[in-house]
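Two complexes are shown next, each including chain A; its partner changes from chain B in the first to chain C in the second.
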Partner chain A sequence: MMSIASQILFNSVIAGSIYALVALGFSLIYNTCKFVNFAHGSVIAFSAYMAYFFFSVLGVDFGFSVLFALILASLLGWAMNFFVYREFRERKASSSILLIASFGLLILIESLVLMSFGADVKTINYIRVSKGLEIFGAIITPLQIVIVASSIVVSIGLFLFMKKTKLGKAMRAVSNNKDVAEIVGISSEKIYSWSFIIGSLIAGIAGVLIGLEQNLEPTMGTNLIIKGFTAAIIGGIGNVYGAILGALLLGLAENFGIWYLPSGYKDAIAFAILFVFLLFRPKGLFGAKKEGDKE
Partner chain B sequence: MIEQYLIHLLILIGIYLILAISLQISIGFTGMLNLGHVAFYAIGAYTSALLVLNGFPFWLAFLSAGILGMIFGHVLSLPIKKLKGDYLALATMGFSFVVYAVLLNWTELTRGPLGIPGIPKPSVFGINLSSNLAFLILTLIICIACYFLIRRIVHSPFGRVLESVRDDELASKILGKNTSKVKSISLMISAFFAGLAGSLYAHYITYIDPSSFTIMQLIPVLCIVIIGGLASLRGTLIATGIIVLLPEPLRFIGFPSSMIGPMRQIIYALLLLLILLYRPKGIYGKVEIE
Partner chain C sequence: MKQNSIVIVLALAVFLAGCASGVKTDTSSRTGAAETVYRIGAVAPLTGEGASYGQPTQRVVNKAVADLNERWKAAGKNQRLEALFEDGKCNGKDTLTAAQTLVNIKGVKVIAGGECSGGTLGMAPFTEANKILVFSSLSSSPEITKAGDYVFRNYPSDSAQVAVMAPFIIGKGHENVAILSENTDYAQALRKRYIDAFKNEGVVVVADEVNAPNAKDVRSELLKIKNAGPEALILLPQTVPMAAVYAKQVAEIGLDEQVYGNDVVVLDETVRLYGAQMVGYYGPVGVFDSEDEGFKAMAAETDCQIGFYCATAYDGVFLLGEILERCGDSDTDCMRDALYATKDWIGKYAGRVSFDSNGDIMANFEVKQVQGGKLVKAE
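And now, the complex of A and B:
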């Protein structure tokens, strides 16, 4: 019994770490650009497929494959912003239009991935079946430790970046008040570009890790972005670090939920939580007050 | 052969038209960015299929499909009453995922991923409509009835209340309208017609499984609504024809059949992006998405 509980706990932390990575990138873009970027999910899928393509198809060294996948993911994020969202902003499109546009972009990129790689499930065979370590009766693979560690490193890295660097501060300024930020000489377009680059880089990391841990499917991004969004809502959408806690809570709820329910309901649990939060606490656990007035 | 193909396309246009004009009620007329429409379509399809397979007559199953859709529309309207914009869009989309997950996992009822095969073609009051032509006539009758019913609704005083909620919710509250109730009713009407469309789809294709009701299915319907123009029924009519027929040439230029599905999605997604960018009001739209 004890070992089941600790295994579920570990699984929750692993799932939570993945969701946290998704939610971090998503929240970063949401906070600066102020719209729901569904296409963030397709960046995750794209990066996983790129890692697969370089490593398993072309046979490139693993380190370089991951590097290329991350660079391409950032580039995709930048391109989406530059070629699509910027055009919308120039036409003064509302955030709802941007949301629908990002949904279109998600479907577009997913379908392109589907056409290029086919619908069958792919695996990156870098780490063959590895023997798990036993901790408190729970079994955890080295890859899963890497996932949790990456998630912690990325969170701390992003925190320091936002607090210490000039660019990070400028991002917070634009997120706080775009007009005032522009008055003091911060180019908001430039900041949007950077938040897409960094957000998509984090999405790329998430994509590669998920690609190593699970199978690749062209539609994997859609599901993940809803999870990431749910985590962001639980944590409070204006709060990047709340998203991390939200992601962990989501991981816990899902993994303990399927102790009782058939495992297929895992996704439904996430959406049920999304509903509960939207219903009772749309600002999330740590949401800033003013976020509610933004609509 | 070519006749059968044309009949097939016309039936699809009919079903999509019902689905699109019902979505117009919530997005176009009430201004609620409802991304959960496919869920009601799915509920309608499964309700109707299961009832008919359990010996109920088609007309009863057909109506139940609409009514159950409406009930779920009411259920969904409860939590989302106060939500707007992004939150509303995501909550409704979340609803559609929940319904999908239930269809996939409640195997005792829905047979899960195996789907429900052998849904009989309808027979109405003793007339058997098993040929596609007969089904087309039925679809057309239902479609025209839905179209004029919805036209009647949106041009009624209630329809004007809906538009006032879309244009300025606060103002219509000040005028004494119970806007959350209005929005709830709007979602229910919208869900009712989506349920009817689902029933028609189930009995036409005769096989349904959860994969026919993923969020991907929302894209063509959303395209129709936006291309036709918000709050324009005439535009919706034209756009339905365009959207259903546009990817059809793919079949004839020797595209491998496994590529047609994603290619169609690509066309829709590009079309959606282009129209939002260059003509956000669509063909006949009166308003833009807030």
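And now, the complex of A and C:
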């Protein structure tokens, strides 16, 4: 029974780490730009496919393939902001319009990936699939350990970046009050660009790791962003630290839930939690309190 | 002003060019012999998870259409087949929309597809009500048998799959089994048939896990199965991506039980991806000569790695071509009767085709095993 409990716990932490990697970049962008960027999912898929392209198609060294994939993911994020969202902001578009535009971008980029790479399943064959290691009676693969570790490292790195660096502080300033930040000389447009670059870099890391762990499919970003969005809502949308906790809670609820319920309820559990939070605690676990919020 | 004029002229030029390209020039009409064009619709999952079927079979259908037109031309027949594709996304709702577009807007009376069983079942009430002939080369759910009088398929029903696999599994001496299946029309119909077959033979299903469609993580489901201690595991995915998830995570979690799969698990593409992890897996494959050089060349040219499906999709076009020659592309009653009357029609790759009174073909499966990254006939 101990091994079952520890296996479910490990499964939950692995799932939570994947959701956290998705939710971190997503929340960072929301935190500064104040709109829900569903196209973040397409950056994850794009990064995974780029790693596949450089490593499996062109035969580039794996380290360089990952590096190129991360650079291109960041560039894609920057381009999405510069060529699409900035144009909408200049036209005084609301957050809802930006959200719809992000859906459009998600579908567009997924379609481009489908056209470029085809629909068949791709794998980045860098790590041979075999039975995992046994730790505390649970089985976990070395890659899954890397995913959990990466999730922790990226979270700590982002925390330090936001607290200690000038750019991170500027991001927080824009997030708190864009107009006041501009008065003190911070260009909100530049900060938006940096948010997309850094958020997409994190999406790139997520894409490569998820591409190694799961198979590559053009629609992989949509599935991931739904879970990342749910994790972000649970944690408190816009709160990057809340997103991590939300992701872990989601992973735990899904995996422990289906131990007692039929497996088909896995997604239902996730969405039930999402509804509960939206109804009773819309600001999530750590979301900032807004004026007018009831205690 | 000058700039505006240039823009207007350019816009007009583009408009006229567009109009010109839309005009069909029938050169044969000018020479006096009007070309007969048979138009059919084709619904396939061109996007989404099911695109791993839809895209390769679209290429196969296009290749078959080109080959058929070439054959007709060589025979001096002034006729041509045209297939108009719509995306059915492997679900009932989108397949119905695709069918409505093809019928109501493009005016076709024959639809090749839908490929996923859920899609075919989703459009069947509409096509039946409008007497539209549906001819599927991939749908295998037993529910399609009763989907309507105008619904035909040249892919065998899953009932035939279970009829071969269940006795094989029982023959291996397993007293209890576990089933992991995807929550889709096709996979669930198959699951129910397995459960019924085992119940009749006294084999206990100790774990019966159904995962969400397109799930990427089935580790906890596999843990529940492992905990139930089955002697064998039966995997029933709908798509290749789901089969790949199963194969990878079964290997990672270290399940030592004998694994059996459906026809998707033992598709060439799944074996290509995870053949090394699937050593010893058994699964049903439609009986056809997969080593035929012509078939291998066609599959390579169209990059179709879904085995028997490639063969049925190709042959389906040629069979439809013969029916269209006889009946034209509008008289679906004639087409329906001609298909029911089809006995021992010999396809190029998928073998003989005869239809029963439900529009199903009388075909068979054989059990194959994954060995050395390839499929070999099971002992």
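Rule of thumb we're sticking to: the second predicted complex is superposed on the first by the 281 of 295 C-alpha atoms of A that agree within 3 Å, B and C clash if a C-alpha of one lies under 4 Å from a C-alpha of the other, contacts with A are read in each partner's own complex, and residues count from 1 in each chain.
One rule holds for everything that comes next: a residue touches a chain if its C-beta (ideal position, glycine included) is under 8 Å from a C-beta of that chain, and two chains touch if they have at least 3 such contacts.
Predicted model only: the values in this text are computed from it and were never measured.
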After the chain A overlay, clash or fit between chain B and chain C? clash
Which partner chains sit in contact with A:A101 here, chain B, chain C, both or neither? Use first/second/both/neither. first
Look at A:V60 in the shared chain and tell me whether it touches chain B only, chain C only, both, or neither; answer first, second, both or neither. neither
Of the two partner chains, chain B (first) and chain C (second), which one does A:I197 touch, if any: first, second, both, or neither? neither
Touching partner for A:T141 - first (chain B), second (chain C), both, neither: second
With both complexes superposed on chain A, which partner does A:L285 reach: first (chain B), second (chain C), both or neither? neither
Given the touch rule stated above, what does A:N215 touch, chain B (first), chain C (second), both, or neither? second
Using the touch definition from the top, say if A:L252 reaches chain B (first), chain C (second), both or neither. neither
Just checking: does A:G132 make contact with chain B only, chain C only, both, or neither of them? Give me first, second, both or neither. second
Chain B versus chain C as contact partner of A:L274, first or second or both or neither: first
Clash with chain C (superposed arrangement) - responsible stretch of chain B out of 59-67, 77-85, 113-121 or 167-175: 113-121
Both chain B and chain C touch chain A at residues 111, 114, 118-119, 262, 264, 267
Spell out the part of chain A that touches chain B in their complex, as residue ranges. 35-36, 84, 87-88, 91, 93-97, 99-101, 103-105, 107-108, 110-112, 114-115, 118-119, 222, 226, 229-230, 233, 262, 264-265, 267-268, 271-272, 274-275, 278-279, 282, 295
Which of the residues in chain C come into contact with chain A in the complex? 46-49, 51-52, 54-56, 183, 209-212, 214-221, 223-224, 227, 240-241, 244-245, 248, 251-254, 269, 273-274, 276-277, 303, 305
As the complex stands, chain B meets chain A at residues 33, 35, 79-80, 83-87, 89-91, 93-95, 97-98, 101-102, 104-105, 112, 215-216, 219, 222, 226, 258-259, 262-263, 265-266, 268-270, 272-273, 276-277, 280, 288-290
In the complex with chain C, residue positions of chain A that touch it: 4, 7-8, 11, 14-15, 111, 114, 118-121, 123, 128-132, 139, 141, 214-215, 217-220, 223, 254-255, 258-259, 262-264, 266-267
